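The structure under discussion appears below in the form of structure tokens.
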Amino acid sequence: MSTVLRVGVVGAGAMGADHVRTLTTAVPGVAVTEVYDRDTERATQVAQGAGGSVATSAEDLIGSDQVDAVVIASPDSTHADLAVACIAAGKPALCEKPLAVTAQDALRVVEAEVALGRRLVQVGFMRRYDPGYAHLKATVASGALGEVRVVHNVHRNASSTTSATGPGIVTGSMIHELDTVAWLLDDEVVGIRIESPVRDGLPDPQLATLEMAGGALATVEVFVNAGYGYDVRCEVVGTAGTAALAPAPSVSTRIAGVDGVAVASDFVAHFADAYRIELTAWARAASAGAVDGPTTWDGYRANVVAEAGVAALVGGARQPVLSASRPALYAVGAR
Amino acid sequence: MSTVLRVGVVGAGAMGADHVRTLTTAVPGVAVTEVYDRDTERATQVAQGAGGSVATSAEDLIGSDQVDAVVIASPDSTHADLAVACIAAGKPALCEKPLAVTAQDALRVVEAEVALGRRLVQVGFMRRYDPGYAHLKATVASGALGEVRVVHNVHRNASSTTSATGPGIVTGSMIHELDTVAWLLDDEVVGIRIESPVRDGLPDPQLATLEMAGGALATVEVFVNAGYGYDVRCEVVGTAGTAALAPAPSVSTRIAGVDGVAVASDFVAHFADAYRIELTAWARAASAGAVDGPTTWDGYRANVVAEAGVAALVGGARQPVLSASRPALYAVGAR
Amino acid sequence: MSTVLRVGVVGAGAMGADHVRTLTTAVPGVAVTEVYDRDTERATQVAQGAGGSVATSAEDLIGSDQVDAVVIASPDSTHADLAVACIAAGKPALCEKPLAVTAQDALRVVEAEVALGRRLVQVGFMRRYDPGYAHLKATVASGALGEVRVVHNVHRNASSTTSATGPGIVTGSMIHELDTVAWLLDDEVVGIRIESPVRDGLPDPQLATLEMAGGALATVEVFVNAGYGYDVRCEVVGTAGTAALAPAPSVSTRIAGVDGVAVASDFVAHFADAYRIELTAWARAASAGAVDGPTTWDGYRANVVAEAGVAALVGGARQPVLSASRPALYAVGAR
Amino acid sequence: MSTVLRVGVVGAGAMGADHVRTLTTAVPGVAVTEVYDRDTERATQVAQGAGGSVATSAEDLIGSDQVDAVVIASPDSTHADLAVACIAAGKPALCEKPLAVTAQDALRVVEAEVALGRRLVQVGFMRRYDPGYAHLKATVASGALGEVRVVHNVHRNASSTTSATGPGIVTGSMIHELDTVAWLLDDEVVGIRIESPVRDGLPDPQLATLEMAGGALATVEVFVNAGYGYDVRCEVVGTAGTAALAPAPSVSTRIAGVDGVAVASDFVAHFADAYRIELTAWARAASAGAVDGPTTWDGYRANVVAEAGVAALVGGARQPVLSASRPALYAVGAR
């Protein structure tokens, strides 16, 4: 417990600032020593709150002798290069999802890690650290549900930004389910179809059907303009029973004829605990010079499936998921 | 209130016997006067319990001057002919679903009614009388959910008989949802796709996607070997919110580490109230010489969509739903 | 099934009118033939809707050769005399709770029945027919909860009339729980204490503690100005587990940040099914010339406990419940 | 953020070991430097896991220049003296509940703090840090419930040790509610009554009624042999509505006819988050040389009410709560 992990954070936007806040107030054994953002003012504000300094570039931060490990929370388009830079520098990193904008770029990160021979970059699929999802996976693994046949997913936001696009909903929102289902079942998505109820304007909600290599099917509804709030549901249906995430409100009220509970407003509130647990686990592993969370291969797979999803959304037909072969470094059960 | 509706029941199997029990113990203004079943012993037992007599044939029962109205609960293959016979005799009937085995046969019933010029046959889509579904439809109609984009349905049985087949699951089980979704949205199904997670043996569960004429999509999971019990769920997703059937257990227990409620064992238990309300409403209308429930057109439409579903199940591709034109007798809002 | 039970209804206020509506639309084998109310206009309106005639007095109605059985839904102060009159006439009756205004008057009814030697009057403790309470009692009786130690009850109305008084809340509202707990446990209340959080003005809510002869304790919160709606809760706590009434909303919605269900507005809506089942069971038994529901002894016992409760409310101290001895006609298990 | 708070922990039993585990794995800015326990082996095991050393006595630990702040998790009888020692040493402390075995001893700690003129000792009423209770208090404070009239509490353990006694249940278990209700309402308990359903052997469950100075009433059921699991419930009833802790299971399952969620096995599992948040908040405040959680006055008040409760349990009658006057140091709103 004597040494402190010195963390550098690239990106001081909403996600980066939130990670810094969590690292400094809720994760033991960590100090945020450097922050970089293209917006220097924003970087300064976040760095000061954490007692760290401002780096002059992402590259300098990654190379700094004041930084033991790196959190990548900059714009998506920079993720792959920064992840490769962390691998080159031999420093553990937590890279926000997606690992890359294209599957091809994600594969570059995978290949860099494979060339190094060990895992240094963890992808920010934080749902795996959510107590509900973790309990759900344990329930599946226990065999209590029998053989899994179907997984139903619902993923709703109150409203989207005006820049939302059909493909962007797949790569930015549905990508969570593309990873989660594979992880829950220890399986891989081999086919995807996406339909959307209204064909003019933004295709939202989107209904996806995922075919798993093992024969199960998964449905995903992503609705980024659901109006009423943020909501994530997942039910696993087996031959002996089902298990589902249970909403976990802290208080229920009965007022004016309604017996109700509040719905979370956004994912930050909904998954606050998952982010804290993710960062704590990552910091603990990074202190030992490695990572043991979602792999760059998981990040690549999610990109590959998302690209098939975008093609399916546009063309309407089912798309096969074609990917590179899984390197031995990411053999199942490696985590 | 002075006259009693004299009801004849064709079919004294599980469904017919249950209808007789409900009619005699829970529906006012009704007497079951005649019962027919190919199995005379069974007919006798059911008739005696109700204080009625045994008819020598279904045709005799329909023509009997002791019978004002008819409940058809005989094997599916006899439904269409019996419904036509009731129309010919000018007697109100409640015909168990499906109205016919083929859409073509169902259309014969529709045409007989259209020729007569008034509605005499009601199809046993009893879910429309379930308080939950009725409340759900009222919620949709209130506009509180905004514009409906998606309807999610789940329909599970604990286990199926060994004679279950893929097409049989569509025409026998999923047919409820094929009617329910159209009714909930006052819309029609114009396309259907069905996928099943495991391709060898019985295709079960089945995941269907329904395209509605108005642009909404509906998903349906039918799983007739779900193991844990009987379960029917429905969630309507609109642009302003969602509404779902709420499970209505009467008691919850906390025993041995579990806070739980019982799941219904079968549809008879789950929908007992719906059957009672259906029969009460039908008897009230029949006493006035008419019916006002699910129409033969609804029964025909369900058959048409089911036939497209069977084709989709076999071929894998999306199937359009091609049907005759809606006669004026069944204009929307006629009920 | 051939004969119809001809029912006379005394009292055409809200409760009486609702009973007539239920009897004519939801109970088989019944005709409402006569109605009496001091307000002739009201009686006429209710009688016409049911196809019956207006009686000139309650006594005439009870004595009429057009009336086989009587529902007593007139003001509380008339209950005991009318019940005695029904016994004298040898006609089965359903008497709304309370059986009498005083325990002494209730005992008169008991004694009349004991003198006759058979049970003719059933008291309207309709909660015993509510599916939830019935399931709860069956769960207790199954032994699954072990030995019962505590029963918690909550009974809330949105608002009370301005004429509400502390004693009136005990005798008019809490009286339901005074009966229910004894019935649930097949036990008797032997002591009662009532406290109220605010001592000036109307004592509301009231918190009662009931001591049962068998050693268990029960708590009761009655709050007739709870503001948010009508709510009845009951939890039985045993040495092996607990069982509770489960709220049974038909639909849940997620709108504007709230995941909620509607609370019933009043007891008529909440217990509609219980009233229907009660009247159906009573009519079936009355058709055979008897009753088998809550007895006049149950009605008397509730009055005795309520009187002790009123004394406890005023004096603050625990009051013993002193009652006559249970006649053999009402031996436990007689129902 | 540069300095680390060096924490000494007195007591390496279940509670102490759990606090050390939480401090080292989930609380930032903290190092456990010394551990003391009468059982040296146990102390050694816990100290080694945390990277700390073993102290030779509690007094040495409190006086050590390697200890900035102290967690007191030793047997109850030692709490008061150790708390006074921490005050004498000028070191912030977190003292597990109860603050003392008797109200008189608790008052000694209060007086020591008052003499010092600032708050150094925080009592381990960790429920105040539970997200559910915190949300409940915020809901009460928001005014959304109107004026609070009643608080219902349930507190159940699966089973008690064989050494459980009636008074011990009051001082060891119910003491949580004695503090919680006062804190929720910003009010004080001025009277208490306790009844128990079975009079022979262990009085368990216990039903307490608390009178608050402001006029509200609270009920408490403590049942330490509830059989089915650990369960804590709290409902606040106001004139405009109610709010209650909502059970927060992470997963619900439907298996073998039951739709259920798991009940926590014990308080450590149920309140794990509350302990983490408590220790994090305490460490943050202690790093600044003070505490801002439940005060020694709160600890004293809970002891005073518990002593009245024990008298009430034995004697049966309502007992007034007589206490010293609140020193200015603990004025309401001081936290």
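Which chain is which? They are A, B, C and D, in the order written, and residues in each are numbered from 1.
Keep in mind that, in the parts below, a contact is a pair of C-beta atoms (placed from the backbone, for glycine too) under 8 Å apart; a residue touches a chain by one contact, two chains touch by 3 or more.
Which chain is which protein? Per UniProt: A, B, C, D = Inositol 2-dehydrogenase.
None of these values were measured; they are calculated from a predicted model.
Peer 1: Between A-C and A-D, which chain pair is linked by the larger number of C-beta contacts?
Peer 2: Counting C-beta pairs in contact for A-C and A-D gives the edge to A-D.
Peer 1: Among all other chains, pick the one whose mean CA position is farthest from the mean CA position of chain A (Inositol 2-dehydrogenase).
Peer 2: C
Peer 1: Calculate how many whole Å lie between the centre of chain A (Inositol 2-dehydrogenase) and the centre of chain B (Inositol 2-dehydrogenase), each centre taken as the average of the chain's C-alpha atoms.
Peer 2: Roughly 44 Å separates the two chain centres.
Peer 1: Roughly how far is chain A (Inositol 2-dehydrogenase) from chain C (Inositol 2-dehydrogenase), going centre to centre by Cα mean, in whole Å?
Peer 2: 57
Peer 1: Any idea how many Å lie between the Cα centroids of chain A (Inositol 2-dehydrogenase) and chain D (Inositol 2-dehydrogenase)?
Peer 2: Once rounded, the distance between the two centres reads 37 Å.
Peer 1: Identify all positions of chain D (Inositol 2-dehydrogenase) at which a residue touches two or more other chains, and write them in rising order.
Peer 2: Expected reply: 227-228, 240-242, 249, 254-256, 261.
Peer 1: Given the complex with chain B (Inositol 2-dehydrogenase), which residues does chain C (Inositol 2-dehydrogenase) contribute to the contact?
Peer 2: 1-2, 23-31, 50-51, 131-132, 134-136, 139, 144-145, 240-246, 248-256, 261, 273, 280, 284
Peer 1: Which residues of chain A (Inositol 2-dehydrogenase) touch chain B (Inositol 2-dehydrogenase) in the complex?
Peer 2: 146, 149-150, 152, 154, 195-199, 205, 207, 209, 215-217, 219, 221, 223, 225-228, 237-242
Peer 1: If you look only at chain A (Inositol 2-dehydrogenase), which of its residues touch chain C (Inositol 2-dehydrogenase) in the complex?
Peer 2: Contact set of chain A (Inositol 2-dehydrogenase) toward chain C (Inositol 2-dehydrogenase): 227-229, 231, 247, 249, 254-263, 265.
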